[in-house]
Amino acid sequence: MKEHERDSVIDPLQMEKQEWKKRQLQHRFKQLLTITSPIFIVLLWELLSRTGLIDARFFPPPTEIVGTFWAMGMSGELFHHVGISLYRIFAGFLLGVIPAIGIGLLMGLYSPIRHFLSPLIMALMPIPTLALLPIIIILFGVGEVSKVVTIAGSVFFPVVINTVAGVINIDRIYLDVAKNYGADSKNFFFKIALPGSLPVMLEGVQMGQAIALLTIVAAEMMGANSGIGYLIWTSYKAFLIKEMFVGLVLISFFGYLFSLMLRGLQTKLLPWR
Amino acid sequence: MKEHERDSVIDPLQMEKQEWKKRQLQHRFKQLLTITSPIFIVLLWELLSRTGLIDARFFPPPTEIVGTFWAMGMSGELFHHVGISLYRIFAGFLLGVIPAIGIGLLMGLYSPIRHFLSPLIMALMPIPTLALLPIIIILFGVGEVSKVVTIAGSVFFPVVINTVAGVINIDRIYLDVAKNYGADSKNFFFKIALPGSLPVMLEGVQMGQAIALLTIVAAEMMGANSGIGYLIWTSYKAFLIKEMFVGLVLISFFGYLFSLMLRGLQTKLLPWR
Amino acid sequence: SNQEDEVVSEDAPSGDLAPLEKKTTVVIAEDGAASGAGFYIAEEKGYFDDYNIDIKFTTFANSDDMLPALAAGEVDIAGGVSTASFFNAIAQGIDVKIIADKGHYYDGNSYFSFVIREDLQEEIKDYSDLKGKRIAVSSRNAVDDYIFQRMLEHAGLTEDDVEFVLMSDFGNMLAAMGNKSIDAALQIEPLITQGESQNLHVRFGDATDFAPDAQIAMVLGSPSFIEEETDVSLRFMAAYLKGVRDYNDAFLYDEGLDEVIDIMTKHTALKDPGVWKKVGVTGLDPNGEMFVDDIKKQFEMYDANDAIRGDVDFDHAIDTSMTEKAIEVIGRYER
Amino acid sequence: MGTKIAIKDLTKVFYKKESRVTALEGISLDIADGEFVCLVGPSGCGKTTLLRILADLEKPSGGTFTIAKSKKERPLQSMVFQERGVIPWLTVEGNVSFGLKMRHLPEDVIKERTAYYLEKVGLDRFANLYPKELSGGMKQRVSIARAFANDPEILLMDEPFGALDEQNKFILQEELLNIWSETKKTVLFITHSIDEALLLSDRILLMSSQPGTIINEKHIDLPRPRNMEQVRADPSMAEYFVEIWNHLQDEVQRSRN
Amino acid sequence: MGTKIAIKDLTKVFYKKESRVTALEGISLDIADGEFVCLVGPSGCGKTTLLRILADLEKPSGGTFTIAKSKKERPLQSMVFQERGVIPWLTVEGNVSFGLKMRHLPEDVIKERTAYYLEKVGLDRFANLYPKELSGGMKQRVSIARAFANDPEILLMDEPFGALDEQNKFILQEELLNIWSETKKTVLFITHSIDEALLLSDRILLMSSQPGTIINEKHIDLPRPRNMEQVRADPSMAEYFVEIWNHLQDEVQRSRN
């Protein structure tokens, strides 16, 4: 009996099992940390705000923000704002991403087009959306179109740049394979250029998504009367700080959600990575 | 004589030389295209604007913008705006990049820190600077500090994220080499972690630079009385479209310039790529 | 230091109060509007210097953005309009005060008035013709909204009869006129004049048609500035009112107009002196007095719209004592 | 058997701003139908360049070559690239059927031929995997199946087993010989391994270092099917080995000086 | 000569959620001081795992090993990794001096030793280049110089020439033997190439496929210096070759079923 026990203690498999369990524990602990930190921050905020160590007029306690959130949710107001903003983000995102991919592929595949367009893109890219609002209004009015276009414009650049980079950086050997096996230009496009540039392109789309969200506030500064950006902006203007924080939390939440969704899409679209 | 000539025509070296010259010519042509496109756009704009096909009140002819540019330059006004904005961009850039690299390295190297901080970063990142302006004013006042902080805040995120990614994606084998050759933690940091993560980190810095420029307009919306963003903003408010375009062109120019400079820095810092 | 009894002396550089012993900086938040004329003129003509006050201007895109800065003591004085946010801030315990006039309507040439698109001149003859039109207003639950509501009332319309378009920036309204996405707008000078000269819009009636006694903009003071630094704030107010008086002399009686226009071109984005002679003049009361009743009406409107959270003691928000004291020192302006 | 590949006086010069490299000089060569020819030479002697010219991926600077055509719809050549030649975003099946799809063959023909060659190289169970999930040896199987499935007039192979370990290499060599003996395709095969050349080929062409010319050839008349033990045991093969070895050492030394 | 490496009953199990792999089982082994030992076995039999345990990069699950220490300040072991082991952001010189710098030796000692080994592997002219500018063979030279410069008690080499072509491989093998004969280090060397093992080693250890155990060993008493022709010509070497070859084929077959 005793010997058996002794044996099992020094059995390599048992030892590695123990090691593995220890690692699992550590892993759990790290997961815990991931949840802890937001909770910690929120608690700290609550405490500081309640004790007056930070100015509760500007940083109302999280529990009160949650209360406001709840009240706005119950009244249905929140869903209206969220719905319209999601629509704008989504439409603007698509309107930016689709031509960006098309133009990016063309630029990547045909170097004269690339040489012609790239200085324009490089020149337009650094101009902030905020500074372009007047021009967008002039061109597209103050309706939904201009908001969607604002978002589309800011999404366009990272996607087009990454698409071009994606095409250019396709390993030459795959082009050789395609040529060697007699691919026509349609097949070349759909079997080589598009899938080959997809990983880098999707990184651009991920960036575009982030930018779409960053832009919604600017887009909803003009001529809007609903939306999360409008909510933040008008709440702030009316000095309704809690409502403003509700808007900020919403943006943060959707930013997180969208990037998770796009990561999911990425693994779906790139099973070969 | 005649035979010699015939020979030289089918000489492989000559043939390749001809081919090469043809390629050189094509290359020149492409370079030409690169310069052509901005010129083309500007000319088209001038033409459309002069003939009234686009509204010259909103899109004044480029020559007039250049005139305004010149006038503003002569009066010294322009240099003042540019100088102060460059200072803010530069200071904000440094104030964002340096802690981002430090925190990013720590997060990359120590997984508990990474697990603790990453949800916070993911939650804060999607919030647009524009929406944070009120909070920044509350915390940092309306002086230079708040503008610099605004820019720093927007630069911070891409750099920290890329730094973490850079560290995490260092090929395991280099860590093994360091361990095998007995690197202490200081050497490990400076010889492996820092240089190994540098390429991806610098991509983040490049992004951060772009964002710093995009943010300057927002930062100079409040409590400023000079700067390129201020110029754009106040010109637009007073409907001085030409002055506004001067501001836009300046932003575009500096965006282009900075990204070239950073590319240069990149090749300097990464001679081994 | 609270010096309750200020000594008036002809020998002082200002001709009244003695300068401060220590140079004191006062930070003014501005949005580059013409209604800041009093500040600009007082600064340029040295009225502040006379009191040993150093002025620092800081520009905000929007007057509401100034409130947190004002409450946090980052700025001492701000030019602002009455908005729900102002009263909300007070409800949150932020003790910002309305202390003097910074803009009201002046006879038939209001500086803040409705414009309509150029091509609609034939179609829109009367306020009631605005029915079904798209009207841009720069904010909700603020004085803009109040003027808009007064106009609707005057026209016999309700909000459902027109399309309210919120455009937070007046410049955007010009752009929107240009591409015909709005029909009318509540626009402000100098953009009214500028838009007219560029054939974007035309003035439509005048705001005094329906709101002759509207209080548009006010000087706001930070609580610490008004209540704790009374020696500074009193001198500040005196200098400001002197600036306002010069403004009135210039624009109403053509005394020293060129000098004042020079100052205005320097401090605002409108750089063309010619245009300054054409713009609708902002009414600035030389004694700093406001239409307090109108402000109260505005407040009541916001309250009725549920835009105000919490209890606000309206009277507490208005503090004209500093202005009154300053008048005692420099005398009333009568002309 | 007739001549399948006829190369005459082929020369290739790479001309750049500051450098001109004569990669190939005056290569003349006939390869018979169904012959398995190995090309052996020091690194940088132009082997890949020759293959790329035959594969129409590079233009010769001088000289000509022809590949005899037997059927109208059959493609001229297919290349087996090194490890990286398998397209990562296509599944094993997608890679093997790639050439057939490019030629727009009917769906059922593609299905059938793909399945046939997948089975031949023992990858039928892995048809739906992506290359990242395959070992190096399996990837090379995909590459070989793709080339054979395309049924070209000739096969061009550029060091297909270069990156594999010896045991895997041998297994693949055997499989390649099996398929080859069935189809009797004409093969031009580049290798650095003398053992590999001895095991596989009917004829070994030795190339000189830069500029690449063919300076010698050896006919290998070891009966087929062969295996490595035979190659190792046969004294004339050992002689060939040492001869080729010495040639290569000489060329390498020469190109280093 | 005494025992340099003593391995006793070494076992390594990889334990994961759903899989447990016994990579090594009961390895017992003594290696004499100055001995050159090659480890040959089918892919996946645990060769790398054994080396990583000796290099302190992996912990054994059971059993022990000791490496005899001769001088106090001398490091226990240094590893020569495969091609990717050269650090791309350090120059050739920086790579070679890496181990010395990590040990904080005096600047002049580092300089001198680095220069010595750079010259030894013929890279002195390339001291300031970055690895990207080097060929595969040159990179492996850097890796070897780095390990030797570190002057460890024993050298561990994990298929250092696996990715090179035959001619380059041979040149490096010769160079390695040269340096080794000077320093007489104890070397444990992994290879897939039987020829390489025959050429280099005093003793070849044969491993079984998973779980990895040492099932046989061969003493190679061919006199040194050796060259490839000798190995090829020697009939007893040919016999060894076929024996090992067959062993490997068997193990590969066994592990496939």
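Here the chain labels run A, B, C, D and E in written order, and each chain numbers its own residues starting at 1.
Here is the rule we use: a contact is a pair of C-beta atoms (placed from the backbone, for glycine too) under 8 Å apart; a residue touches a chain by one contact, two chains touch by 3 or more.
Which chain is which protein? Per UniProt: A, B = NitT/TauT family transport system permease protein; D, E = NitT/TauT family transport system ATP-binding protein.
From a predicted model like this one, the values you see are computed outputs, not experimental measurements.
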Chain whose average C-alpha position is farthest from chain E's own: C
Separation of chain C from chain E, taking each centre as the mean of its C-alpha atoms, in whole Å: 84
Centre-to-centre distance between chain B and chain A (centres being mean Cα positions), rounded to whole Å: 20
Distance from the mean Cα position of chain E to that of chain B, given in whole angstrom: 47
Averaged-CA centre spacing for the pair chain C and chain A, given as whole angstrom: 42
Residues of chain D engaged with two or more neighbouring chains: none
Contacts with two or more other chains, residues of chain B listed in rising order: 55, 58, 134, 138, 221, 233, 236
Set of chain C residues in contact with two or more other chains: 62, 68, 72, 169, 171, 175, 178
Complete list of chain pairs which touch one another: A-B, A-C, A-D, A-E, B-C, B-D, B-E, D-E
Chain D-touching residues of chain B, taken from the complex the two chains share: 10-13, 15-17, 19-20
For the chain E and chain A complex, residues of the former touching the latter: 11-17, 20, 22, 60-62
Of all residues in chain C, those that touch chain B in their complex: 27, 29, 31-32, 57-62, 65, 68-69, 72, 74-75, 169-171, 174-175, 178, 190-191, 194-195, 198, 200, 268-271
Chain A partner contacts - residues on chain B that touch it in the complex: 29-31, 33-38, 41, 55, 58-59, 111-112, 115-120, 122-132, 134-135, 138, 210, 213-218, 221, 229, 232-233, 236, 244, 247-248, 251-252, 254-256, 259
Interface residues, chain E side, partner chain D - complex: 42-43, 162-163, 165-168, 170-171, 192-194, 228-229, 232-233, 238, 241-242, 245, 248-249, 252
